[in-house]
Each structure stands twice: as structure tokens, then as C-alpha cells.
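Comments concern the structure below.
The first chain written gets the first letter, and so on, giving A, B and C; residue counts start at 1 in each chain.
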């Protein structure tokens, strides 16, 4: 269904998984491998905590216009370790029907200050505990938005 | 049910929706319109990410006492754009049975620093992807707490 | 099931609860008492917002190695009050089969800056609204990891 400025689609909840990723592992690589192994095509993170190190993330430059292009972003590499305070995101098929993930991360520094952004890469430090829910839905795909400059969800108009 | 200092009620999970809000749209206005259109009376945000701009939010002054009153809060307006790292909150009927939402937002600046607070208003920048779950529950309402100075949930003692 | 660097287990969703904790109450103490009262053994936070004060939390020192030991952490006590922007975490039985919780907290200061970390203690300021989901799962326990220095989830290899 769509209304002006908003698209939505009802989905049903599929399987739910408790996941633990061990020290030194790459967070996004392992989650995508898990999705392939468990045959999960649509999923979202419901809960995530632990600690991470060697994080690479993206911010958007203040005053930037659309579309989001390389000169309009900032890239940060943070060695850490940091407490992992949250991970929001979803796994949805992208171009060529390949699984693709979109995660935003929040972490605290030694000082208690919280940093975060669009996640490229992070390694697990001491542990990482995730609860992930599979979504059963059709007609949702991730494609690059020319207007936005970034891959985002597209929801078709048919069906539920 | 209630115990000293804590009230709780079992609720069952209703429909689940994947939502995409497009650039320039007001986040809270569109979510409330969606709730009206889809006839959702009780819901909570399970996942939210994307980017936002022109955000207006509230903080509480250090050392403030209850109730929360205008001199005890700070209001921030942030032009951004910023990465949207999280949105926590619920939609519950308030006074006069009108739908009301209570959202707290987390966003990262260009520097990677995270800012946030009680959300008044935000516009979507490049995209906004939300998963929202309807809750089936009775006897939960939002009313202004005289002690707290803010609208909050009230849970009745009867039933489940 | 396990793959290199990642363990996972399917779980089914149990009861869901809307919880309100009142001003002055200790967040973690009350949540554990609730879990005992409602006979919840496995659960995770799905949504949490409100405001808190007198927060005690932990960060990890920059450059720290594993295992996480006392000299490698920092402890912060923040009087606040602060807006509660998020709480991620789970309740899982630990040693001696006693319920144990693992929560990470995110809060905003008067300035809008977000601080957070591994939660030891926090008191509710004006209100705290939580949605918690019970998980039905077997073979998941929390034990201290000698490698990591912290209690973490262990997932057995049998069953689902």
C-alpha cells in the first residue's frame, strides 16, 4: 500500500534466531554467511549487544544535499574496543537477487560518549549477542535510489 | 498486574509492517497518518534506520527535578543531515482516544558523534526504513502524569 | 547450529509484555523481579524509552586487550537526569540457574549528546516504558568466558 510520502506492506514473522558471534570475527560477513546457511532471505535485527573493535563507518557531511555521493560523506575508522550498544538493520535481497544488509551501529567509547553511523565493517571484541527475526514478505527489494544516492528498500504496490 | 514500582500487562502481537518513508517527509506525521490509514491503535517501533534532517528534539536539564516543566528542558534544532541510528517508541491512544506517539531518536553527526533525545520533529533525508509491530492489548492508555509532568503509559489492573 | 565464528539457535517467541516502571525505581532490579514474578526465564528487550538518573555504567578502555579485566574498564556515574534513548539486552539464566540480565543503555544529556555503555544500575526519572518478549529456547545459558573475561551466551550444539 502507499500513501503520499510513505509506502508500507504487511509482513508475517518467520523464524527467530539467537546468534552469538565470537571474538575477532567480522560482524557483517558472519551475519550474511549465517543468512545463506540458514536460508534467510528477509530479516531484521531485533536486539544486539556486545563489544567491537576496528570499526569502519560512514557519516553524512553537515549541509550535504541529495544524492549522497562520496564527497558528501565522511568515513571513520575507530580502533576501539568499544561497547556495542545497538545495531539496527535488515537483510533484504539486492541487485541480482544477492542478499544485502543495511546496518547502522551505535557504540560507546571509554569516556562513555557514543559514536556511530552507517556500518561498513566491525570485528567482534569480547562477544556479540544478536536476536534476529526472519520476515516473510514478497515484493520488497533493495535497489539504488538515484534521488538518494544510496541503496534502499523498494516496496511494490500489489498484494497485501 | 502490578508489583511495587512496576506495572505490566501481557499483550499479543498483531500485524507487522515494513514501512518506507520518502525524502522530505515528516517522520512522526507520516507514521501517525499510516496508523490511521492501516487502523493501527497500538504499535511499537522494532527497527528504524535511514537518514534525517531538520530535527527538533528535547533534552532534560542536568539536575532537573520532577515534574518535567518547560524551564527544566532544553530544545535542540539540528539541521543535519544525520544518519538515523535508531528510533524507539510506541503509538498508543492518548486523551480523547486520539492516537499519540512517543518517540526517542538517535542520530550520528558527520564526526561520528551521536546525538538524540525526545523527538518532536524530523524530516527524512535520503530514506527511512521502519519495521513496526502492532500490539493487541486492552487497558493501556497514555495520559499526562502530574508527578512526571509528561504523558506516559497507564496500565489498568484488570484482565490479562 | 554452529559455523566458524558464529553459533545460532532457532527460538520461538513466547509471551510479550508491556511494562511501566515508576519514578525512583531501579531499572535492572525491577526487571529481574518482574521476570521472577511472571516466570520469565528467557527474554529480550524489544523497545525501551523514558528517562533515568543516577546511572552507573561501564566502558572499555581504548586499546584494551582480552580478557576484559578491572584495569581495562572505566566506570562512569552520571547523575542526570537523562532521556533514556534505548536499552538493548536479554535475560538468560546464568550460573546456578539464577536469572541474569545483560543490558546496554543509551541516554542523551541536556546538550543532546548521547552517552552509554554496559549498564550496572539506573533509576527511573519520570517514566520508563518497555516492551519485552519472552523467548522459548533450550540449550542457551550465560557463563563467564575465560577468553573474553565477561559473562556471555553459550549455545549448545544439539536440537533445533
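As a convention for this text, a contact is a pair of C-beta atoms (placed from the backbone, for glycine too) under 8 Å apart; a residue touches a chain by one contact, two chains touch by 3 or more.
Here is each chain with its UniProt name: A, B, C = PPC domain-containing protein.
This is a predicted model, so every value here is computed, not measured.
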item: Steps in the shortest chain-to-chain touch route ending at chain C and beginning at chain A; value: 1
item: Same vs different contact residues, chain A with chain B, by half of numbers used; value: different
item: Chain A and chain B: spacing of chain centres that average the CA atoms, whole Å; value: 21
item: Chain B, residues touching no fewer than two other chains; value: 13, 46, 86, 106, 113-114
item: Touching residues (chain side chain C, partner chain B) in the complex; value: 13, 15-25, 30-31, 33-34, 37-38, 46-51, 79-86, 106, 108-114, 125-127, 129, 131
item: Residues on chain B engaged by chain C in the complex (per definition of touch); value: 1, 3, 5-13, 44-46, 57-64, 66-68, 74, 76, 78, 86, 88-90, 102-106, 113-118, 135, 137, 140, 145, 147-150, 152-155
